[in-house]
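Chain lettering (A, B, C, D, E and F) follows the sequence in which the chains are written, and residue indices restart at 1 in each chain.
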Amino acid sequence: MSQSSLIKVENLAFERDDSCLFDNINLAVDSGDILQIEGANGSGKTTLLRILTTALQPSAGKILYKGCTVTDCRYQYLSDMLYIGHQPAVKQTLTAEENLRWMVSNSAKSNQLAINDALAGVGLSGYSDVPCYALSAGQHRRVALARLLISEAKLWYLDEPFTAIDKQGVSYLEARLQEHADRGGAVVLTSHQDLALNNLRKYSLSAPAGQIA
Amino acid sequence: MDGHGIYVWSTVIVTLLVMVWLLVAPMLSRRALLKEVARDILRERARQTSSTSTQGES
Amino acid sequence: MAHSINSGFSAWLRRDLLLAYRRRGEAASPLVFFVMVSTLIPLGLTPESARLAEVAAGMIWVMALLATLLSVEGLFASDYQDGSLEQLLITPQLLPMPLLGKITAHWLTTGLPLTLVSPLLGVMLSLPAAGYLPMLCSLALGTACLSLTGAVGAALTVSLRKGGLLLSLLVMPLYMPVLIFGTATVNFAVDGLNWLPPLAILGALFAASVALCPLAAAGALRLTSAN
Amino acid sequence: MSWQWFHRLGSPRWFYQSSARWLPWLSLATAVVLLSGLIWGLAIAPEDAKQGNSFRIIYIHVPASFLALAGYYIMATAGAVGLIWKMKLSYMVMKSAAPIGAALTFIALFTGAIWGKPTWGTYWVWDARITSMLILLFLYLGVMALQYAYHSADVASKAGAILGLVGTVNIPIIYKSVDWWYTLHQPATIKFTSAPSMHPDMFQPLLVMIIGFYLFYAVALILHTRSEILRRERKTSWVRDLLNTKKQAKADKQAGES
Amino acid sequence: MSQSSLIKVENLAFERDDSCLFDNINLAVDSGDILQIEGANGSGKTTLLRILTTALQPSAGKILYKGCTVTDCRYQYLSDMLYIGHQPAVKQTLTAEENLRWMVSNSAKSNQLAINDALAGVGLSGYSDVPCYALSAGQHRRVALARLLISEAKLWYLDEPFTAIDKQGVSYLEARLQEHADRGGAVVLTSHQDLALNNLRKYSLSAPAGQIA
Amino acid sequence: MAHSINSGFSAWLRRDLLLAYRRRGEAASPLVFFVMVSTLIPLGLTPESARLAEVAAGMIWVMALLATLLSVEGLFASDYQDGSLEQLLITPQLLPMPLLGKITAHWLTTGLPLTLVSPLLGVMLSLPAAGYLPMLCSLALGTACLSLTGAVGAALTVSLRKGGLLLSLLVMPLYMPVLIFGTATVNFAVDGLNWLPPLAILGALFAASVALCPLAAAGALRLTSAN
């Protein structure tokens, strides 16, 4: 039944400038899973996520999506995937609404109603016509996170999604992640916080030897 | 060289200087690199011995 | 998939046009630069119109080239900083199409306005009447080549913060043929020669750039943004 | 099996070790050829009827110009090989070829400019070849700047290779266009002394110098590549072993002597 | 005894584009205090901190430092103050060590030993010669936070200092803050996390009416 | 406090020089730009030395001006983005001194190299021999004025992301007097006139800029970065 895994990572390794960041990573993510990647600062969580999204090339190993390597089914894989990184890809000069409309333009649900709902969901309903440079740090991130309320992607990769978000926002987001997993989606996220989620699995990256205090 | 000597010799000298530099620069950097590697090896050795004798330094 | 390839093009085209519209003041800057530097020239050189006429075509072209060069730097810079470029790299569409969309938006917001405003400069620098039409044609085609080639350079330098002037070093040599045939088109017309041959060469350069530059830029982007 | 040599050729380690063996011989040959060519050209060959002794600059100028151009293609080819076959060694060759080519281009420009003073009465004119040569220098500098700008050696070499490739497409275009541009404007006063009419006594040392410059290019390229290999592979075990065996050899030698 | 307050804020108000973000803020921070400013995203925490550091002008009210308005004793106040904002002021092209040396160049303790100790303290001892763009998100912030281990400033303003920092790092920092307070310093910080600190006081900013979900 | 005022100057000077040194390749870019654009000119205009000689002084000055203009844009940009500017605003030192340090570093890394390399361009553009010394003097003084004035513009535009071309609009008018007296110095010398008067005017402009520009830039920074 190995095909039934949504994502299967086999013997993944990454080295940069001839020094190995991690190797021998084996992971499987199924529908309904939420996988939290843990590890100290600099242990390679972001790097791992970027490899999973195909933005970086691994030095060795492979990533299978529904049993087929991601280079072979690249279009399908990338269409089913959503990634929110450290940098939220929010354009400073556009308003929250315009940013969101642009970000989800590939999605079927990209109508005005859905966008308004999503902005209301992340607490930005009053701000839809404020340019994003005038938003606070947390509001800025919320614009990017609003994608989660519209996206139809099955697979979410989230790099520290809770950064700068207040408590109420965090619990709202947690509920949203839970819901996505319950509906058969899968989430891979990094976070330094403990999350209140069912069916949460953890994967720990160890820090490169002897360098982290 | 009937007044043209300065032109000929200046070109020859500059050319030779540049060519010598092209040969010397990589040799110097190679030597510096070899020294650096040697230093790395020594440092590693020192670290190994110290970490086996006094367990758990910073 | 045909649909989605196209949508990559038009979606990014529309987005970049919207962004440019949001910063109208700034999007107009290459134009302002073009006009202002052209007014510096009489100050630096000579106010005599007979002598200005001799240099007019060359100067207009040099300044158009500089204006494009300077604006092409920003093609990917802000996208890199705010993470949009990373998102672009993981869109399912093939990379060259969105890039072509971005480059087209760039041309529409710099090359095209430059071309349209050039007759004004022609008047200021006393360009002979026969030169106007060839100048418009050659600038329109030529600035498109410049945007396309510049995009490759911009992609190569995007992850070096503030790489703007390194960019000039990279692309300026590549710009020289465009400059030569661009000025030749105008000067041929002014001298009463047939100005279509140099224009045709510009057209050929344009065709080659459209085919190759988005590919090269895509390769460069995958490379540089991966570190 | 047939790929084995190819694989070996791509191995920096193999290159580093085997080049150490040929390098002394190659350097010797270079020194002999260059010196004899230089003496022949500067002292023995007859003076030019029109230009007098300043003509002797040709023995540096022309070989340097040849190599400057050839060097770009060598560099771009190395870059392309690196991109296509993902061969580390050829990236290192590419990176090494850039400063050498730039230096030779500089020599060509400098000697040409100096030569211009007695012949044309000015250091610089915008001749087609001169202009293209200047642009070639810029192309080299661009590749070098890109190499220095990136701290990751991997990214730097690939970026340099892409730029080199774009440059190769462009070089013929640049040359053709500059040539065309010049014929539009050509002032009648300036002309090169034409090569084919050169007397054999003048031509033979030139040939020797050209061969000498090719050899020199090879030596310089190998030297630069060797140091580049060390720089990039300094963390690998074979470099460390290399140093250990060297030390061992030194110790043995000392023991043998005493 | 009102002079004994290190910082005293009286009736502070701030409005931007004619809409009031907050008003009537009264605060006092004494030696040994740690004050956590709380509030939902967009409630004005960063704005308040920037006003306290004099980077922004308040619309009304005043800030007293040891009983004297900060515009009058500007030099003294700014010399005794340290601010780490959302943007950590870490230069990407410099190494961690160079960044730190530069940041603390006004401090008396800016010798090499202190710098090395500080870098080791934040777990970056192996990275002192790596340019900062090659650091991970958390490591990047740690470079800025290393200032706390050298600084002799009495008054620390920290805007979400724990962003991107791993758990071990957070508890290390908490200990450091505690120590600073115990030695007679004062800390004003914003954070969405609950902190494990003694003598912690909280100040809540309420969100501008009706805009935060 | 005397000590700390000076330390504000030299600390920021040293820091910016270190930053420039770290990006040597890039710090050399204004220079490269200057040289490369100067080769565009014969391509655009004419390769004949007699005609080039006529425009040489003006062109060298226009290009030096552009190179400074383009590099001055980066004076505060990266500091603004990474938060260093905010830290600068809350240093206890008086703001103009650190700013003067930054501006000096900028001149040392752009204006000075430009000046030193200008004789080379003089040769390439066939500048008559009498023009070299005046060119060196006028460029040294003039580029310092340009850096100082440019800093005010850079401070005004820093909080508008990517305001580089807007900047040109702001400072170009301020650059015109420098350009006029700079070229006048060289052209007077070439024509055999006394070139000290225009140079003296440049000196006066420089003195005024040193006194006023850091103050104005400080005011502008406080204003723009406060939003």
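As a convention for this text, a contact is a pair of C-beta atoms (placed from the backbone, for glycine too) under 8 Å apart; a residue touches a chain by one contact, two chains touch by 3 or more.
Quantities reported herein were computed from a predicted structural model and do not represent experimental measurements.
Enquirer: Counting one step for each move to a touching chain, how far apart are chain B and chain C?
Expert: 2
Enquirer: Is the contact between copies chain A and chain E built from the same residues on both sides or from different ones, judged by whether over half of the numbers are shared?
Expert: same
Enquirer: Busiest chain-chain interface by contact pairs, anyone?
Expert: After tallying contacts for each pair, the winner is C-F.
Enquirer: Report, in degrees rounded to the nearest 5, the angle of the rotation taking chain C onto chain F when the C-alpha atoms are fitted.
Expert: 180
Enquirer: Between chain C and chain D, what is the gap in Å from one C-alpha centre to the other?
Expert: Distance between chain centres: 34 Å.
Enquirer: For chain A versus chain B, what separation do you get between their C-alpha means, in angstrom?
Expert: Averaging C-alpha atoms per chain gives centres 47 Å apart.
Enquirer: Between chain A and chain E, what distance separates the C-alpha centroids? Give it in angstrom.
Expert: Chain A and chain E have C-alpha centres separated by 30 Å.
Enquirer: Measuring centre to centre with CA averages, how many angstrom lie between chain B and chain E?
Expert: 46
Enquirer: Would you give the residues of chain F that are in contact with at least 2 other chains, written as numbers and ranges?
Expert: 23, 25-26, 32, 36, 43, 46, 78, 81, 161
Enquirer: Indicate the residues of chain A shared as contacts by at least two other chains.
Expert: Chain A, residues with two or more chain partners: 86, 92-93, 213.
Enquirer: Of all the residues in chain D, which ones touch at least 2 other chains?
Expert: Residues 135, 138, 141, 145, 149, 152, 154, 178, 181.
Enquirer: Contact residues on chain E for chain A in the complex?
Expert: 39-42, 44, 46, 86, 120-127, 135-139, 142, 160, 163-170, 172, 192-193, 210-213
Enquirer: What part of chain D is in contact with chain A in the complex they form?
Expert: Touching chain A from chain D are residues 152-154, 232-233, 235-236.
Enquirer: Of all residues in chain C, which touch chain F in the complex?
Expert: Within the complex, chain C contacts chain F at residues 23, 25-26, 29-30, 32-33, 36-37, 40-41, 43-46, 51, 54-55, 57-59, 61-62, 65-66, 70-71, 74, 77-78, 81, 160-166, 168-169, 172-173, 175-176, 179-180, 183.
Enquirer: What residues on chain D touch chain B, complex-wise?
Expert: Contacts found on chain D: 38, 42, 52-54, 56-57, 60-61, 64, 96, 99-100, 103, 106-107, 110-111, 114-115, 117-118, 216, 219-220, 223-224, 226-228, 230-231, 234, 239-240, 243-244.
Enquirer: What residues on chain A touch chain D, complex-wise?
Expert: Of all residues in chain A, those touching chain D are 16-19.
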